[in-house]
Amino acid sequence: MVVNSSDRVEPAPGGRELETQEFVVNMGPQHPSTHGVCRLILTMDGEVLKKVVPDIGFLHRSIEKIAENRTYHQFMVYTDRIDYVSSMNANHAWCVAVEKLAGIEVPERAEYLRVIMAELNRIASHLVFLASFSIDLGAVTPFLYAFRERERIVDLFEMTCGQRLTYNYMRIGGVSRDVPKDFVSETKKFCSYLYPRVDEYEAILTENPIFLGRTKGIGILDLPTAINYSVSGPPLRGSGLKWDIRKDEPYSAYDVFDFDIPTGENGDTWDRYKVRIEEMRQSARIIEQALEGLPEGEIKAKVPARFRPPKGEVFARIEAPRGEMAYFIVSDGSTKPYRVKIRTASFCNLQALPVMAKDLKIADLVAIFGSLDIILPEVDR
Amino acid sequence: MTAEELTSKIKATFAEKVEELPAVTGIPAFRVKAEHLEEICTTLVSDPELKFDNLSCLGGIDYPETNEIGVVYCLFSFAKRHHLNLRVMMPRENPEVISVSEFWVAANWFERETAELFGIKFKDHPDPRPLLLIEEWDEGYPMRRDWEGKDFIRMPEVGQEK
Amino acid sequence: MFELEGIFNAVGNFLASFLGSPLLQIVSIIAVAGVVIGFLMVLALFLVWWERKLSADFQVRIGPMRTGPHGVLQTIADALKLLQKEDIVPLTADKKVFFWAPVVCFVTCFLAYICIPFGKGLIARDLNIGILYIVAITTFTVISLLMAGWASNNKYSLLGGMRSAAQIVSYEVPLSLSLLGTVMLAQSLSMVTIVQGQGGSFLHWYIWRQPLGFLLYVTAATAEVNRTPFDIPEAEQELVAGYNIEYSGMKFAMFFLAEFINMFTVCAIAATLFLGGWNPPFEFLSFIPSWVWFLGKSLFLVFILMWFRWTFPRLRVDHLMAFAWKFLLPLAFLNIIVTGFLIYLFE
Amino acid sequence: MRAARQVWSGVYNLILGLLTVFKHLGHKAITLQYPDERMPMFERSRGVVVLLSDPETGKLNCTACMACARICPVYAIDLERSEEPDPETKKRYPVKFEIDNTTCAFCGLCEEACNFDAIKLTGKYEFSVYDQKTLLYDRDFLQELGRDVPYEKRKKPVPKAKAAPKADPTSPKPEEPGSPKPEAKPEESPKESPGEDKPEA
């Protein structure tokens, strides 16, 4: 059923070939499917993409410069704004990096709470992916279903830390507040509620022939290319590498939990989608285990307000929903970091877009862009 | 390879071309001269024991006190599962270093970002356009420590370290 | 009692009593056109509201609630808002074509209603080439879309216009072929004759003898009126809004309403040809007026189209063409051959 | 045969999708009619910042210790302390306390840093205005906002567990040559504030 885009009708003998002309289309900065302010400069031959050049920087806030001007505690607030769809993970990455730098021991309960929050946020983030991906492909209804479930997660967050988007929940050395009384039971309820909902999305999308036609074999990213482009997270796993920092370089309390790393086979759009769907189930599993084994005790190590880590450098990375999120911090021993380099997953993943989209249709570009799950503030920082 | 093995291996391979730095929380760190970078990267990528196939992160760093500016390369190997931290230090006037995007394509954007924010020139870069800043930006290199822009306000120190 | 045929006949007789024959012709034509257009406008407004409400229900939302009870007046409010909006014409647009595109689109969508039987005797003109006429006239929409896409001088709208041209031309073929089976059964192109052929119980409806034809028609018709999963000409995520990207105000409203009227048109044709038109499913239900049956069946099909829209993702443009030429077309031919063979066998 | 199976699987999954969506018809909506219905806010919700006052005396709890202004990552708090303590409460009080809501990030760090139950983020979130200037809330307005906000007074065990790390924000104060007075405050704070609160409770 697939028509090869390179099929060309040969002119009749003696006839002359119709002249065609390539043209340039600006997709964005304001476009329904660029998920923020990203501009893609497309060179097209009819419907076929000849060249894709992403143009970023519309949301550049120079967070790295801001970091040099804030204390370690204060910068926690800014990490929320790097990746606003999974702030908990961004917080977590900062905490892990700073704690590694200063050698702070985090109480076990705090580690468990962090894992629960990070995984809840991972589910929420993947739900946002599912919502925007389905809407990119023209199926509007799963959008609302995914946001319905996300709403419950966000309620759990608000119950705990008071905010619905920029949580600012974690603190260097622990978490800001203990969870409220009914958090554990509510979260358990949510986990058991989530599994059938994920099945529901799969019923609408996964095997739908139209969906398959739009995603199977589209935007293939083979593994060597993915590694060379530093692609990480679900796109990397979709390309077939069984790699997850939570498992391979465990941080926080991830080494005690039992979960699988879903991988894809072909590295196409469908695989990336499927990996994320599967990750939602695995995250729910982790949360259930963490709630089961949630220890009592302190939630925060003693960290002074004028926290001065020792002079030194640190490179720490975690597995955020979009992939590897890393902080490279240089400390000069004062209350403010000397230099912070933030390595975000979207930045590297977006770079691989032109390779994946080459010689495909404009509709495929939308699908691939959606499947990379880019968050533009994370790209521009 | 463990960090110690990697350190000794690198020292053995490159001898005086590398200068060992204090480890970055467990990750071996080395200082490299700009002119040796290409050779070292070639070996790092191709050596069957090193096989650094992934550039995890690349960023600039600026030390106005010592008049040095540098590029930090955070390398990782999926094949061997080990990390390496390399850095190239240059004088702050006209810093120039070879682009590593021929070894790791991911370096392309990282280098573009570093080039415009730190003013480090990357030789033989395949696409040397500005990435994040506007095209007509002419206010210097904002990520340098001593940069002063017309809209840049250092935040007041409220009751701190007076 | 509620049959409208009598009312219209009475009005006609009343007019005839003091108007001359040629004048009566003109007046009655205008009156009929007025009634049909008025009805369709109300219907289109209703359909817009219904689509919004239905999609909200599918998506566990509420939908419009503020204007009028359950937001019934929402579309009227929207239409009034669009009327007041500034009419923006892009500087580089082809002004004449830009102006005429929505007009063509809006007018052609009404033309099909000349020979759609709303009820027993409720038909503007029972043309003896009814179906052929409808198939021919609905294709006119593509011209307006192409005009709009071209005249806007916008790359997205040009792509949208091109897509819609390719799509409608391709789907016209299986669409017409899928209707042929019914025509062969009814031995007539006239809509009224086709409906009369399905009288009696619901077992006489052509859907039972033309199941494949019905499915083919519904599929092709969905594509014909640019609705999801075949809405690639206006694919929001790819082409922003496709051919109507540069239109605002009332011109946009004309495209918008025409889209909904077109949707009702194809559903009305399907109801007429396959679901027995105005015929009730059982004889004893014939006390319910025929136009209620017709409207009910059409709206049921409209519901199915809306259901499709809020469930399925969108096809890609080449899949869409391949689907028409490689899947629907052979099946439509197969349908015709089998139908012909069976007719030969049984009659 | 494979094609037939493919077609069948396609049709089956299309119908499956249709039925899944159809099941949602007639369910209760998850959305609310916003201005008419409102979601109940959680007790911890972080919205507009208010200043809390002593329900008995009606005076602000704030002692202008600067802990909040110092921790604020966006420097939204403009705070000036009085020269002389209040004759009634024997405490210093803020002469000027302005919060710039245009920059406030609602991060809640100020609430955590405060040892006197003086500042709190409330569940109020409707504060849109037409003029940006009116978003600069001054002391009296913040006090007015905080009048009806219930808050739990810090009881003795709480400062031990929770304020232990927080005791530090005040401890660096001795380093400050500019304000010698607050030296006494950190010591007073955990003791004094519950002491004040007891009679009221």
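When the chains are written out, they are named A, B, C and D in that same order, and each has its own residue count from 1.
Note that in this section a residue touches a chain if its C-beta (ideal position, glycine included) is under 8 Å from a C-beta of that chain, and two chains touch if they have at least 3 such contacts.
Bear in mind the structure is a predicted one, so any value in this text is a computation, not a measurement.
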Exercise. Just how many steps, at minimum, does a route from subunit B to subunit C need if it may pass only between touching chains?
Worked result: 2
Exercise. From the centre of subunit C, which chain's CA centre is farthest?
Worked result: B
For this session: Just give me the whole-number Å value for how far the CA centre of subunit A lies from that of subunit D.
Result: 29
For this session: Would you kindly tell me how far, in whole Å, the mean C-alpha position of subunit C lies from that of subunit A?
Result: 44
Seminar exercise, completed: For the pair subunit B and subunit D, the C-alpha centroid-to-centroid distance in angstrom is 41
For this session: Return the distance between the CA-based centres of subunit C and subunit D, expressed in whole Å.
Result: 57
Exercise. Of all residues in subunit C, which are in touch with two or more distinct other chains?
Worked result: 58-61, 310-312
Problem set entry | Touching two or more other chains - residues of subunit B | 155, 160-161
For this session: Going through subunit D residue by residue, note those that touch at least 2 other chains and give them in order.
Result: 14, 17, 20-21, 24, 30, 72
Seminar exercise, completed: Per the touch rule, the subunit A residues reaching subunit C in their complex are 1-3, 5, 23, 25, 31-33, 47, 134-141, 143-145, 148, 204-205, 208, 210-211, 213-214, 361-364, 366
Seminar exercise, completed: Interface with subunit D, subunit C side, in the complex: residues 56-62, 65, 307-308, 310-312
Seminar exercise, completed: subunit D contacts subunit A in the complex at 9-10, 13-14, 16-17, 20-21, 24, 30, 42, 44-46, 71-74, 105-109, 112-113, 121, 164-166, 168-169, 171-172
Seminar exercise, completed: Counting only contacts in the complex, subunit A reaches subunit D at residues 70, 73-78, 80, 141, 145, 148, 151, 155, 158-163, 166, 168, 173, 176-177, 180, 200, 203-205, 207-210, 300, 302-306
Exercise. Mind pulling up the subunit D residues that touch subunit C in the complex?
Worked result: 14, 17-18, 20-22, 24-31, 33
